[in-house]
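Letters A, B, C and D mark the chains as written, and numbering starts fresh at 1 in each.
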C-alpha cells in the first residue's frame, strides 16, 4: 500500500502524473465555474437584503476559503519537506504560495467591492477582511524569504519553517482581530457573514467552491512541474523531460 | 593534556552547493594518534569536508561516525571531544583574549582563569590576555585560537588553515602542539595549502578538482 | 430572471458586481498563464544547465 | 563532560551582557529611536493633551515595537559574521540553550530598557501616572513576546546580506496580536477601566511564544548554519 505514497516522493514520477492530472482537473473546474457563473449571476434569486450585490459571494467565498486552505497546504507540505527532507514537498510548498497569494488578493478586492454598497466605504476594517490582509502579508513574507536565498535548498527550508510558524499564528491573528473588532465597533451593522441562502442560491456557490478547488489543484500541478524541474536540474531524467 | 581519541569515519560523503557537486564521495578514516592533511586547490571542498566532519554541515549523502556511532546520535559527546578552528579566528573583537577563552572553553568544561592564562602563555600570547582582541595582530589572534584549542583538551582537532598569519616561531609552536597532541592519543584533521611536517607521519588526502 | 433594469444592471450594483467577476476571471487566467510561463522558464534553465554539464564533459 | 545547562545559560547570559555593555552606544540607539518616534506624533498631530491621550497607547506601542525590531537583526548576525556562532553551535551545549540565552539577554538590554524609559515617553504623551504600572507590565510582556518572534526572524535572515528589512516584514504580521492586546491594555489603564482581560491575553501570548519560539528559532538557525 505504501508504495503509492512512496512514489510521490520521486520527482520524475510526480513530474509525469502532474502533467496527466492537470488537464482533467482544469477541465472539470472550468465546467463547474462556467455553470456556477451562469446560474449564480442570472438565475439565482436576489437576496432580500443585499439585492444583487450578494452575487459577489460566488467569487468572494470560494477565493477566501481557498486562500486559507492554500496556506495550510503550504505549511503541511513544508512540514513534510523539513521532517522527511523530501524535495518534492518543498516544490509543492513553493508552487502553492503564489496561487494562494493571488486568491488572497482576489478575496480582499472582492471583499472591499462588496463592502462599498454595504457600508459605504471600500475598507471598514471588517475582522475577516483584516485577517485576510494579514494572511497576504504572511504569504508575501514566505515568498520573499525563499527568494532571498541564493541556494534554493536553504531558501526552501527557511521558507518552510516560516510557513509553519505562520500557520500556527493564523488562528491567533484571526481571534485577536475579531476580538479587537468587537471592542471598537460593536457588531458591525451588517456582518460580512454569509447571508442565509436557500437552495437555489447555494447550488451555484457549491459549484464555484468545487470549481475553484479543482482549478487550484490543476494550476498547482502545472506550477509544480516547473518547481520540480528547478530542483532537479542535475538529475538524469531531466534530459528526457527537456527533450520531450 | 589532550584526551584519548576515538575512531572518526567519514564515509562516501556527497555535498552540493547549489548546482556544484562540491564533495563527491569523499571518505576517510582517522584513528587515535593519527593526523590527515587535506590538500587540494581552492574550491575543491576542503573547508566543506571539515564542516561536514565537525557536524556543522549535514551531507546530502554519506555519514560521519565517531567511535562507530553516527555523530548525530552522540552529538554532546562528540562535540565535547572536538576542537574546531575555522579559517577565520573566531574571536569577539570587543572581548579580551581571556574573556574569549572563558566564554568558549568555559562552555565545554568548567575551567579556571588561571588555566586559561597558562594556555595563553603556552601559545606565547600571555600579554594579550587582558587586551581586547580588536587591537591584536592577525598572528596574535591566531595564537589566541591556538590557546583556545589547547585549553579545550579535545581529543579530535579539526583545523582549517591553522598556519595562516603565523610567523616561523608560531609555526614551530603549532607543530610542537600537534606532535604533543598526537603523542597523547589525540587525532587531527588539518586543512592547509602548505606542507605539514611533523615528527609523526602525516597521511595526505588529496581532493581532486 | 431578475428585473431592475435588466441583467446587466445587477439591480443597480453593476459597478460592484461586474468588476468582481472580471477580476476573478483575471486571477484565474493569470494563474494559468503564470504557471505555464514558470514551467517554460524551468525547462529553459534545465536545458542550459544540461548544455553546460555536457560541455564540461561531466 | 560539558557543564550543566543552567551553568551554560548563565555563562552565555554573562557573555551577551558583557558584549552589549562593551558597546553602550548600540544600547542607547533603540531607546533614542523610541523617544524620537514618539516625539514625531505630537508634532504631526497636535500638542493638545486630550487628543494626545487618545492616541498615546497606539503611538507608544508602535514606537516600542519598531524600536525593539531595530536591534533584532544583530541578534545572531554579529556572531555569525566573526565565526563565533559556529563555536557556540559546537560547544557541546544544545543550540536551543544558546538561542534562549541570547534572546533573553537581548530582551534585557532592549525590551526591558524600553519599559524603564516608557514613563518618560508616557508623560510626554499625556498618559496619567496611575496608568504607568499596567502600561509598563504590558510593555514588558509585549516586548518579551516580540523578542522571541524576532529571534525566529533573525535566525531565518542571519545568512542574508540585507536581511533587516525582511526580518521586520516577517515578524510584524506575527506581532499584530500582541500589538492589539498590548495597546488595548494600556488604553484601558488610561481610561481607568480594568485592563485584566487584555493583560491576560497578552500574558497567554507571551507564555505561548516563549515556549514555542525557541524551538523555531533554533531550527531556523540550524537551517542557516548548515
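Going forward, contacts are C-beta pairs under 8 Å (C-beta built on N, C-alpha and C of every residue); 3 or more make two chains touch, one makes a residue touch a chain.
Source: prediction; values computed, not measured.
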By the touch criterion stated at the start, how many steps lie between chain B and chain C on the shortest route? 2
By Cα centroid distance, the chain farthest from chain C is B
Using CA atoms only, can you tell me which chain is the most central one in this structure? D
Count the C-beta pairs in contact for A-C and for B-D, then report the pair with the higher count. A-C
How big is the gap, in whole Å, between where the Cα atoms of chain C centre and where those of chain D centre? 41
How many angstrom lie between the centres of chain A and chain C, each centre taken as the mean Cα position? 14
Could you tell me the distance, in whole angstrom, between the mean C-alpha positions of chain B and chain D? 36
Between the Cα centroids of chain A and chain D the separation in whole angstrom comes to 32
Residues touching two or more other chains, restricted to chain B: which are they? 19
By the touch rule stated above, which residues of chain C touch at least two different other chains? 49
Residues of chain D engaged with two or more neighbouring chains: 226
Throw together a list of every chain pair that touches. A-B, A-C, A-D, B-D
Using the touch definition up top, name the residues of chain B that touch chain A in the complex. 16-19, 21
Residues of chain B that touch chain D when the two form their complex: 54-58, 76-77, 79-80, 82, 84, 86, 88-95, 99, 103-104, 106-110
Could you pull out which chain D residues touch chain B in their complex? 1-3, 7-8, 11-12, 14-15, 18-19, 22-23, 79, 82-84, 86-94, 225-226
Which residues of chain A touch chain C in their complex? 26, 33, 37, 41-43, 45-46, 51-53, 55-56, 58-60, 63, 98-99, 102-103, 105-106, 109-110, 113-114, 116-117, 215, 219, 222-223, 225-227, 229-230, 233-234, 238-239, 241-242
Listed in rising order, chain A residues that touch chain B in their complex are 150-153, 233-234
